[in-house]
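In the two assemblies presented below, subunit A is common to both, partnered first by subunit B and then by subunit C.
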Partner chain A sequence: MESNNTLGLHAAWIIPSISAVAFLIIVVSMRIAGYFYSDRTKLALLAPIVSITAILAGFILFWLVLLDVLNFGGGSISMNWLVVGLTEIRWGIFVDKVSVAMLGLVTFISLLVQVYSIGYMKGDKHFEWYFAIHALFAAAMLTLILADNLLFLYFAWELVGLGSYLLIGFWWEKRSAAEAAKKAFITTRIGDVCLLIGIILLFKATGTFNISTIFHIAESGGISDAILNSSILLIFIGAMGKSAQFPFHVWLPDAMEGPTPVSALIHAATMVAAGVYLVARMMPIFELAPEIMLIVMIIGLITFIFAGSMALVMSDIKRVLAYSTISHLGLMMLCLGTGGVAAAIFHLIVHGIAKALLFLGAGSVMHSIDNETNIWKMGGLRHRMPITAITFFIGAASLAGLPPLAGFFSKDELLLSILHDGQYVVLAITLLGVFLSALYMARVAIVPFLGSTPKHLEQSHESSSIMWVPLVILAILSAGIGFLILPLSSTYPGWAEFIDPSHHFELEPWLMILSIILALAALIFGWSVYLRKSVSAKQIIEFAPSFYKTILNKYYIDDLYQWIIDKCVLAFGNLVALFDRVVINDKAVDGSAISVYMSALKTRVLQTGYLFTYGAAMMLGACGLAILWWILLD
Partner chain B sequence: MNTFESWLLLIIIMIPLIGAAVFIFMPKDREEMIQWSATILGLITMVLSIYCFAAYNHNDGGFQFANSWIWLDLPSNPIIGQQAIQLNLGIDGISAPMIMLTGIVMFTGVLASRSISDRPKEFFVLFFLLISGVFGVFASLDLFFLFFFYELSVLPMYLLIGIWGSSTDFKTFIRTKEYGAMKLMLYLVAGSVLIWISILAIFAESGLGTFLIPALSEIDFNTTFQLIIFPLVALGFGILAGLWPFHTWSPDGHVAAPTAVSMVHAGVLMKLGAYGIIRVGMFLLPEGAEQWAPVLLGLGTVNVIYGALSALGQRDLKYVIGYSSVSHMGYVLMGIATLNVIGLSGAVLQMFSHGIMTALFFVVVGVIYERTHTRDIGVLEGIAKKMGWVAVLFVIAGLTSLGLPGLSGFVAELLVFIGLFQTYPILGMLGIIGAGITAIYILRLVAKVFFGKLNEDIWNNMVDSKFSKQADSNYWERVSSVVLAITILVVGLFPFPFIKVIDTGVTEILAAMAGSL
Partner chain C sequence: MIELTHFQVLSGLLFAIGLYGVLARRNAILVLMSIELMLNAVNINLIGYSIFMNASESHRALGHVLIIFVITIAAAELALAIAIILRLYRNKSSINTDDINIMRW
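Right, the complex of A and B next:
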């Protein structure tokens, strides 16, 4: 280990390491305890204590790293992992303002979600295993954030995928959970294959995996345009897979089969944001390829609108939130496509906190009403579970963009970034999406919590304090964190300039007012449709029933993929297997064996056993040879 | 070097051989005694083979632990010269990990075979004979003995599969164990004919009157000779490595063989082929290797993609693993054909990694088959509930197979890919796509067989009455599979010590190649 830097950097690499160690401790102690105690429930609390201590330590160390970055501006340390021939592959971490912000987000949300899970997962058969995977996931996710080279990043990238796979499939006895886990892994794997190809292409061009070295070489024109463009595109496809961008979005809604806290942590706040983070991290070379930036923007825009429309019609509360997550990730990508790193990262943080809050709130609801997820079977829950309801409203209002909640500021920053890039058409469509996202947020908040309580829900009650305390903390942050965008003091010039000193804090009053009007309009519209029922939802549907059906069926994209898998990929596999069996094996291999056998049958006839046949053959041969000799001698 | 180290390789070869001889004289009905002595001998051999690897000095490189015993010495004969044939043992950076691999697979294989109740004595005699042959091939520096040990390792296979194997019987598709055994035998014998021809050709062409590999490698054979002989070597050994389209013996053989034999077969025997291509093909015939590399590379790519797609279309658990071996050996062939340090190091590491991984696969699949008497993916569902250990270990092997970072397969395949991208980026991409297809067939299988709801009725019908209380793997099988899983993790997380050793061997071979061109 080379050490050329300060305390904070060492603190930084310790953060993921602690969680990795916690994973090992839980797994090993689980096994050992299993041998000594037949009743493992007595020791059940050991697992969360270990994993939460680890992540808490991480969260405390985060402040040390933050202080270091504020004072010295971060840096990197690395060590050798592998040397082959003359090629060195190093492991290392890199800390700057963006990564330290992500570090804070991940450690903080992980901490709250794990605490919340103690209440939520109480009494589960595999309680310890749940926390073990959480520790593994935290270790991988934190490594991903800190990695200073692309290979190390890929390493962590795949491991967070593993954590997600294991947690989606946590209740593996459910067929749907097993299938969802598989779908998530395979869909993101397609992106990962591209990502790895892109990384190796860049390695071939530059001879290094180190991100900043690659930047230097690329900026000095050391990579040919073709290689640069194709590798960036491939890296972006990897990011699309992880961040569930269209057309890879199909796995995320299905991933809701996992326990709800998992959805909050992995499938809303952290892992799915990894793609956005990767693009933000690689921005210096993305900017060298304007065509790819355009693709990033377009994909982001499509995802934003498209997922928003699906969020509007789903009736499963978790799926609504899942599509809303996809939509917001699209918005972040869109913003990155215009070069707005600071705005995208800020929205990533704000969205992460708010969405974690919403998922945990949904989990709190499900926990008290017997795992019901259909919003139409809920209603009036604010009387039964007031804390959950209020915190949920705050989260939803923040994402809908109501001032002065955090979402308002982050959304404003995003719109500003698009405006500055001069993309007026995109801006207009984005504003439509803003309306859409406020509308579905109104729907998902109003339907379950307001109105009258159905009879079967009268027994529902507020969740225990271990669950609502995290909700309250997240709600406070969701409400207040937006002020970070403003230049608060002489040393803090506002978020945009803090992240990128070339930017300055600005306001565009008309855009701000427009977005407030849109959000309010959406809320009032939602209010009148879903609560007052003064506008009938049915009538709206009847404008275009087939379009409604298409959206409800997720634009048939899932079905299309299923068809491709079944009818193309598997059929092709079966075809190759059949070819192997029939053509190569039966015809070529067995066939040649059989032809040897057959020719043996034929030639066997010559072996008569009669002396006169052999004698005749000998005579004939002798004559033949004599003639041959005679001809040759001539 | 002390005496112990100079005798070490001979000891490693002789322990299984002597063990086999001792088993012959053990009373048939003392099964416990045979099992225990096999376990202990296996453990000793494994420890010695790991010592061999650990004590290999990567700073010095070259052939270490070397020693030789003259076998045929005709000083006055003009053709067969002085000390023509000698049992010359020694290992370099390529064979050292192979020796360790064989040791580990032998020990874990013995553990997995403790449950064999049908004629255990004969089983262990043949199994130990086979292992002794494998050690011999990796340790021999003399072409004659290399071939001798090669044949020694191939012959017991026939009996092991024919007697202790199992037949596959889906209504539309029947493969008897006798068929599998016979096919494997014929293929390997055909391969060995080619190998024997090329060995004799090399011997005659060199005019040295010796079979010693280091001596032969000093010779610059003429180009035409190399171009003609290299394909014979590559094909002869390639058959054993599962080279497409001569691979069909391998899935059929894997499936028909009993657990421990599948482990050795897929885990170690296929590596003999790849090892032979490197040691005899590349080391002795560098120009031929250089010229023929693109062909080998193309076939290797076909292996990867074709094997993965075929695996996707299988219904039998063991056939899936069998075809995945064909696919993974493709990476080895591709890595060899890159002819650069990274690719070749990756190939050797992949040989090691795949050997361990596939052994782990076969241990757990063997447990499933023993308990349920079926390997039909269509029938098995949700068995993780009854077989927790088996499920976890299968998933570990599966994740290794699809190249998850942190496990050994990733490092090996990554190096192969980087090596490929230096000269053949398109084929490199195909290789990575192959790893993507692997994810599909592995995860489908895991989701279908292990996850989902277990149907208790079907299970009760299916499970062997002996195991109705405890269907999960027993202690021996657990030790066996956990040893393999830990090896996978260690190599995956800390590959540097392994690569350091491999690197020395690979660098020397490539230096020899560069020198002769």
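Right, the complex of A and C next:
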């Protein structure tokens, strides 16, 4: 191992390693325990203890890495992996301010989600396995964040996909969960293949996988425009798949089939964050391709508005949150498209914390009311579960962009970044999206928690403390973390400048006031529609019934995909299967077997079983060969 | 005066007798003995050539070396074949090769 660096860097590579080791320990001990105890529940707590210890250690080491980055500015460290001819491929990690921020987010959210899961998953059949995959998932995501070369990153990227597949399909006995896991895996796989092709293109052009070397070569013009543009576009498609951008968003709402804490993890810290992080990480070469940046921005904008509108009509609480996640990811992509890495990463963190909070809150609600997810069957829950209600309100208000909660600051920063890029049309549409996102947040917070309690919910109660303590921690952070955007002290110049020294902290009062007005207007509108019912939701629907129906059916995109699969993919598959059966199987494989059999029928009479027949044949053959040789020699 | 032809005739006769034994005899032991005859016919042929060929000392020695190989292999083969015949006798109470036709179609 080469090392030109400090303690913090070594701490950094240990962080994912611990979780990976935790995964192995849990899996192996599960196996061994299985031999000695038929009733594994006695040892059940072992798994969460191992995985939580690992992630807690990761979280503590994160502070070490953070200190190191603050003092020395990070760096990279690597060791040899493969040497193929002249090409050297290394394992390595790279730490800078962006990756250290992500490190903090992932370890922190994973820690809280795992603690919460002890309560949520209590008594589950595969309790230990759940924590094992959690550890694997965290390890994969942390590796992805730290990887300093694209091949290593891709390796982690696939492991993240595997982790999400296992977690979404955790209750695989349920058919819908198995289907959802498959859908998530296959949908993101399309992006993954594109990403791999993009990486290989870059490797072919530069001869290295190392990210910073690729940046240097690209910046000095060492890659032709065509290759650069196509590889960046392919990498972006990979990010679109993982970050559920339109048109790859279909897997994320279905991912709700997994346990709710899994949704919290996938939506907040791991998986979907990977795509945004990848684009942020590759920003120096994205900036070399303005056309691709435009595509990033447009895809982000479409996703933002489009998912926001769907979040507004869904009646399943987890689906509302899922579409809200897609929408916010769109917003981050949009911001990355304008070059605002700092703002996008900040929103990623703020959104991650708030969305983890909302999902864990939703899980807490579902836990107490028999896994009911339809918001119209809930109501007045704030009397029954006050802590969940208050924390849920804080999370929702933060995402709706109410000052002084974190979401307000991050959204403001995003809008500012779009404004500075001079995209006024995009800014106007984004403001519409801001209104939408505040409105659906109002809806999902007001309908279940306020109003009158339906009869069947009167037995509901607050969840156990192991579940609400993480909620409170997340709520406090969700309220407070926004102040990081401000220049708090002489050494901390505000988030934007901290991430990118060329930026400076600034305010645009009119934009800020506009976004507050929009958020408040949305809240008041939501209030009057969903609580006071002074504005009838029915009338609004009747205003454009077919449009409403379109949104309710998710713009028919799932149906379109289903149609394509049924009519094109399956039809082609049937054709191939027919070819296989008729030509390959019947003619080629069975045909050759039959021809051998037929010829054997004819020739087996040669086998007399008498020794002298064989001897004579051998003799005659030898004589024949001798004569042939003699003739040929002359 | 003995010449190469004498060796060849002797060798050819021995080989023919051996061949006849292998093809015509039904007793497995006799078949084996006939095979030994054929091998020794080859040995005599080799010896004849190594003596009468116009070749250097080392090339002549090659004939002798080959014979030693043939003898060795014949011994090894015989040990194996006798063992097989013994097992056959135990199982079938016969060493008539016509009775050993279970592998036939």
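By definition in this document, the second predicted complex is superposed on the first by the 579 of 634 C-alpha atoms of A that agree within 3 Å, B and C clash if a C-alpha of one lies under 4 Å from a C-alpha of the other, contacts with A are read in each partner's own complex, and residues count from 1 in each chain.
Please note the rule applied: contacts are C-beta pairs under 8 Å (C-beta built on N, C-alpha and C of every residue); 3 or more make two chains touch, one makes a residue touch a chain.
All values reported here derive from a predicted model rather than from experimental measurement.
Using the contact criterion defined above for the overlaid structures, shared-chain residue A:616 touches subunit C, although it does not reach subunit B. A count of residues in subunit A touched by subunit B and by subunit C gives the higher number to B.
When both complexes are overlaid on chain A, the residue A:608 reaches subunit C alone and has no touch with subunit B. In the superposition on chain A, A:593 makes contact with subunit B only, while subunit C stays out of contact range. Shared-chain residue A:219: touches no atom of subunit B or subunit C. In the overlay built on the shared chain, the residue A:189 is in contact with subunit B alone; subunit C does not reach it. With both structures placed on the common chain, the touch criterion links A:584 to subunit B but leaves subunit C unconnected. Of the two partner chains placed by the overlay, only subunit B lies in contact with A:574; subunit C stays clear of it. Taken together, the two structures place no residue of subunit A in contact with subunit B in one case and with subunit C in the other. Taken together, the subunit A residues at the contact with subunit B in this complex read 80-87, 151, 154-156, 158-159, 162, 169, 172-175, 177-179, 181-182, 185-186, 189-190, 192-193, 196-197, 200-201, 203-204, 569-570, 572-578, 580-581, 584-585, 588-589, 593.
Against subunit A, the residues of subunit C that register as touching in their complex are 19, 22-24, 31, 97-98, 100-105. Chain contact summary for the complex, subunit B toward subunit A: residues 173, 183, 186, 245, 248, 252, 306, 309-314, 323, 340-342, 345, 382, 384-385, 399, 402, 404-406, 410-411, 414-415, 417-418, 421-422, 425, 428-429, 432-433, 435-436, 439-441, 443-444, 446-447, 450-454, 495-496, 499-500, 503, 506-507.
Taken together, the subunit A residues at the contact with subunit C in this complex read 604-605, 607-612, 615-616, 619.
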